[in-house]
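Each chain carries a letter (A, B and C) given by its place in the written order, and its residues are counted from 1.
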Amino acid sequence: MAAEVLGGAALALLLVVPLLLPPYFLEILISVMLFGYLGAAWNILGGYAGQFSFGHAAYFGIGAYTSTLLFLRLGVSPWLGMLVGGVLATTFGLAAGYLSFRYGLRGPYFSLVTLAFAEMLRVVAVNTKAVGSSLGLVIPSREAAPWHFVFGSKLPYYYVILAMAIAALWVTRRVERSKLGYSLQAIRENEEAAEAAGVDALGMKLRAMAISSFMTALGGTFYAQYFAYIDPAITFGPSVSIQGLLQAIVGGAGTVLGPVLGAFVLTPVSELSRAAMRGRAGVDVMVYGLILILVISFLPHGLMGWARRRRRAGA
Amino acid sequence: MTLLEVDGVSKRFGGLTAVSSFSLELAAGEIVGLIGPNGAGKTTVFHLLSGFQPPSEGAIRFKGASIVGVKPHAICRRGLARTFQIVQPFVNLTVLDNVMVGAFNRTDDVTAARRRATEVLDVVGLGPRRDALARELTLPDRKRLEMARGLATQPELLLLDEVMSGLNPTEIEAIIALIRRIHAQGVTLLIIEHVMRAIMALSQRIVVLHHGETIAAGRPADVARDPRVVEAYLGTAS
Amino acid sequence: MTADLLLQAAVSGLLLGGVYGLVASGLSLIFGVLRIINFAHGAVMMLAMYATYWLATLGGVDPYLSILVTGPLFFVFGLVVQRVVIEPNRFAAEHNQLLLTLGLALFLENLALVLWQGDFRTVRPAYANASFVLGEALVEVPRLVACGGAVIMALALYALLRTTDVGKAIRALAEEPEGAMLMGIDVGRIRAVAFGIGCASVAIAGALVTPFFYVAPDVGEAFNIMAFVVVVLGGMGNFVGALLGGFIVGLAESLGATLLPGSLKQLVVFALFVLVLLFRPAGLFGGGRGR
């Protein structure tokens, strides 16, 4: 019961407070929601299934570029382009996942191969004039056109990403409490033992990959519409992959709230450190690196994991 | 009816022959013991039966259908489950969740799986510990958990790999009783064991492996007296 | 596509490949002993390049000479980092140890960015443009020296592993951790030394390439990825494989450059990487740890 009340209160705050926030803080909140969303997407494959992808930027980029190209070249609404991007990303993810899982890539080897796939897409994008090469793509018009996923102010974007984040939490919870969730966690803990208990490891991991890649791609479209500019480095680069991963690890991989909690902690930290150093490039990521080292060393199951252990010990 | 037919199965790893021309027939409802000195190839036989390793040659038929080349989870789906010599619990999951994973072998429904898992936990005596994390269990309880997880898959044939190792005499007695309960539920059992007392008490018949080959088979009393078996062991465990 | 072009590509590729080999052998050593993939390997190289830059710019020290300083300096750096960051977590889950070195990489790369900004810097000693002609190919002296230096370093490392007590202890630990402990080898110390040696070798590689490369916070990233590819190709933990793999990857990269425009040459290397990971994860020469 307490959880429901807290959840309702949090939701109410998240719905109302932004109406009162000055633009700078609203921007930060949007970033929190976006990173939390990406973290939740990564979490399905990374936290629950234990397959640490270092290349989720691949799906982010596919989503961003697909919807943007469809919009700029064919006038297709990014709302629709979002779904197309999702499907394309899922196809790519399933192909990459099938190759990797079928050939038994686990742990660091899986991480490396996903990194390679994302980098390959980045290199292709950089060298393809049709998608703008290194210069990327700009979404020119900033006139409000909601049916084209373009809003005149930041507030509607916030509510969109809030809805996406809530949906992501809902999906995570549904997965966690389903046969898929149990199977994924068993695979994460011990894939051989899971197989011996009847778990189709390959099938389950592919399912997780499909959900994870689809969700990540939608995030890519949001990014494109919100920032109105994408290029290969931003969308296919390692920083996006690391962002998603970081929120989940710090907040608690394999938990529902972990990624969003992680985002609420990391984003302000990043903003503060940047402000403290007068906007010097790299401070925020440097702090991220330090936090990652500290979290792995002292809170290996993230904040949610630590909270759960405290609760168990107390009980 | 014949549940399992193993016909001339061999397994070679490079130059090493782990199992040589192994044959075995199990009828439904039997308890058969598989014994032999360390390195005799017993666990390799389990790997072959459960699909973790393909045989180099020979046939394996479960319920009349070949299971060679079939993936482990599919073999489990067909009704053949196993435990591991070194227990492999899902350490960060609760006892109940561990067993539910097995229960999902027969259902997609979470409630049904939970119900089945709870029943099985009661059978093995882990009911009170259902909300403990697997990492918190003692070794004897981990063994029970391993068996519970296998049992939850509703197997027709359960392969038990040295479930008594590391247990004291009281714990061994308890596991023997548990195995009898499992058998009473209609599960066919193939048991690898070093604890002679247990194997003699439980098995209806025994197969003895040495250097990958079957050197004796028959009733426990006969096998125990067989000079080849005594020689192979050169001093048996309790 | 002329024979001259191919020859030039082959020469450039092999020369750079020698450096890749040195970088990769350090990575391979670290993996062999500590069983972790050191994501911060490229970052250490980058720091060493900055050290070389500052020694040259502020102290007038020739980059090759400065190896006498940067080598030992980064050996100690490696010792400290291993003891402070990695060793306390040696029983952590495998994926967490990977994240640890990732965190280290992020920290070091961005520390450099914060301290020295993203501007490209260069060190160009007098001989930077020296070159001679070999047949139809142009050989640039700094690249030749870098390759030669890398090969000499790698061979020295090999000799160290084969003949010295420390080297034997390292190999013992890589092959059989529990046995090594039982033999009385101070495992903690050897693990630190191995990491130190890995860092020292990649630092020396960094000093060697500084005369013809640029110095910037992101320069390590490219070598990082190359090192992963080489190590997987050569077999994780296979020292000699890393050296040979370096030449193969260097060759593949520059031949790829003759076939594909722009930075698409990287695709050749990545494709090779993915193929080896999928089909021969133990490396082309075997002896690696596999999946």
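Just so it is clear, contacts are C-beta pairs under 8 Å (C-beta built on N, C-alpha and C of every residue); 3 or more make two chains touch, one makes a residue touch a chain.
Quantities reported herein were computed from a predicted structural model and do not represent experimental measurements.
Judged by the touch criterion defined above, the protein chains link up one after another in an open path, with no loop closing it. Of all chains displayed, A has the C-alpha centre closest to the centre of the whole protein C-alpha set.
Centroid analysis (C-alpha atoms only) places B farthest from subunit C.
Subunit A and subunit C have centres, each the mean of its CA atoms, that are 32 Å apart. Centres computed as Cα averages put subunit B at a distance of 48 Å from subunit C. Centre-to-centre separation between subunit A and subunit B, using Cα means, comes to 43 Å.
In the complex of the two chains, the subunit B residues touching subunit A come out as 50, 52, 71-74, 76-77, 81-82, 84, 88-93, 97, 100-102, 104-105, 108-110, 113, 133, 149-150, 152-153. Looking at the complex, you find that subunit A touches subunit C at residues 50, 52, 54, 99-100, 103-109, 111-113, 115-117, 119-120, 123-124, 126-127, 242, 245, 249, 277, 280-283, 285-286, 288-293, 296-297, 300. Across the interface of their complex, subunit A is touched by residues 37, 85, 88-89, 92-100, 102-114, 117-118, 217, 225, 228, 232, 261-264, 266-267, 270-271, 273-274, 277-279, 281, 291 of subunit C. If you check the complex, the residues on subunit A that touch subunit B are 177-179, 182-183, 185-186, 189-190, 192-201, 312.
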